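Structures incoming, each one as structure tokens.
One chain, subunit A, appears in both complexes that follow, with subunit B as partner in the first and subunit C in the second.
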Partner chain A sequence: MKHIAKIMAFLMAVTAVWISLLQTKMIPQSHTWLLPLYFIVSLGCYGLLMVGVGLMQFPTCPQEAVLLQQDVIEAKQFLKHNGVDVGTD
Partner chain B sequence: MELADRAVGFILASISVTIFTYYTFWVIILPFVDKDHFVHNYFLPQEYAILLPVYAGVTLICFLSFFIGHVMLKSKKKKT
Partner chain C sequence: MAERHKYSIIVPTYNERLNIALIVFLVFKHIPDVDIEIIIVDDGSPDGTQDIVKQLQQVYGDDRILLRARPRKLGLGTAYIHGLKHASGNFVVIMDADLSHHPKYLPHFIKKQMESGADIVTGTRYVRGGGVHGWTLMRKLTSRGANVLAHTLLWPGVSDLTGSFRLYKKSVLEDIISSCVSEGYVFQMEMIVRASRKGYHIEEVPITFVDRVYGSSKLGGSEIVEYLKGLVYLLFTM
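What follows is the complex of A and B.
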């Protein structure tokens, strides 16, 4: 439950900042009305950016892939030798 | 294989950067520009800056609820 309380407190703080921005007219009112929507869109964009960057930087370990294939072949031979059905080859 | 992954990741990142800069320009910078400036031709009227994300969000929520309902119905049918 504590995590929900933290999230709620954060949302309350952001709402309070937004309402105070509406009252004191530092930023033009038309801008202040669009701010929450802008933040939601930018949050979605940020998530998409992180996904793209993570995809680009994902390591593939080609040597481990080769070793894994060798392990698979070895295991299949051993099991077939002992009579277990290993399916299609 | 990793080249395809890299290409997809790059495309996703570039799409997100494009959407972010376009939307920032639309919402924050454009209201301060004079009405006669040529750059206004490249952006839709300001009402669409609100309508498009709301429409996309509503579509997303509809799709999610449809998907969840469909999966729930399928699992219930399989159980009986």
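What follows is the complex of A and C.
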């Protein structure tokens, strides 16, 4: 099944639940009408939270830049020795 | 009986005269005992990249350094397809030519594939053990935002969707690449999402990514628009 179809199916199921909640009046109508809004806002907050957390935990590797420079020096030495033009860049 | 494995490393280049030499050295330094060939798909670089490749062939042999050039910039996807046509290995590695992908991770990719039997091993910058250096806060923010959005919409099953440091079984790459239509990093996303949808076994290894040793890569408004368009395309067609 295409991915979008899965999402649509999920949304339709959620909508069906919402409509049935409206019908059965288990929850006060005023609350039920606002449920989709709560859902969207929660989704938005969750997204922002994930972005924030991810940003804080973003893995960095400053030591890799140093190692890379060492690799570059080693490489240039070998290549120069073997006739490859590593020039001045 | 143990199968003999050969790895074809496809490196598309444009004006990477110095970096390509460094990469070739580092590849042979880190996997000296592995049967490999490096296929350099150069899009008519004006800086003399192809001359350097010919010098490298003198050092490493023209059976292991293959220059398969094209007349001008013709796009990343077609560069891989072009490289694939000349690949004699049963595995294919794709990597960038600007030294953001360090060849020291090649043994990790190979080991992971052999241990797990995966169809695809993809490098991820976003897990512990991996990482990025050289990105501003803004760049990290857009990257993280893009990732969260893509994960929410696509449920891709991999942590780094736009990464382009990957090991494929050759048959798997051939299968996926023929159906991909996007360009640039959306192309990388399309490849991995297609593979995921087709049920291929995908594993990840952490990699570190040092951005653009010589120069700086930009992420402007047009890239963001392209990304969003790509996401929508993938959302509706996968």
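We adopt the following convention: the second predicted complex is superposed on the first by the 67 of 89 C-alpha atoms of A that agree within 3 Å, B and C clash if a C-alpha of one lies under 4 Å from a C-alpha of the other, contacts with A are read in each partner's own complex, and residues count from 1 in each chain.
In this text, a contact is a pair of C-beta atoms (placed from the backbone, for glycine too) under 8 Å apart; a residue touches a chain by one contact, two chains touch by 3 or more.
Because the structure is a prediction, the values reported are computed rather than measured.
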Contacts of A:83 with subunit B and subunit C, given as first, second, both or neither: second
First, second, both or neither for A:5, with subunit B first and subunit C second: neither
Which superposed partner A:71 touches (first subunit B, second subunit C, both, neither): second
First (subunit B), second (subunit C), both or neither touched by A:58: both
Partner chain(s) touched by A:26 [first = subunit B, second = subunit C, both, neither]: neither
More subunit A residues in contact - subunit B or subunit C: C
Touching both subunit B and subunit C, residues of subunit A: 51, 54-55, 58, 60
Subunit B to subunit A touching residues, read off their complex: 1-2, 5-6, 8-17, 19-20, 23-24, 27-28, 31, 49-50, 53-54, 57
Interfacial residue positions of subunit A with respect to subunit C in the complex: 2-4, 7, 47, 50-51, 54-55, 58-62, 64-65, 68, 71-72, 74-76, 78-79, 82-87, 89
Residue ranges of subunit C in contact with subunit A within the complex: 17-18, 21-22, 25-26, 29, 51-52, 55-56, 58-59, 99, 102, 125-134, 137, 140-141, 144-145, 147-149, 152, 154-155, 197, 208-210, 213-214, 235-238
Subunit A - residues contacting subunit B, complex: 28, 30-31, 34, 37-38, 40-42, 45-46, 48-49, 51-58, 60
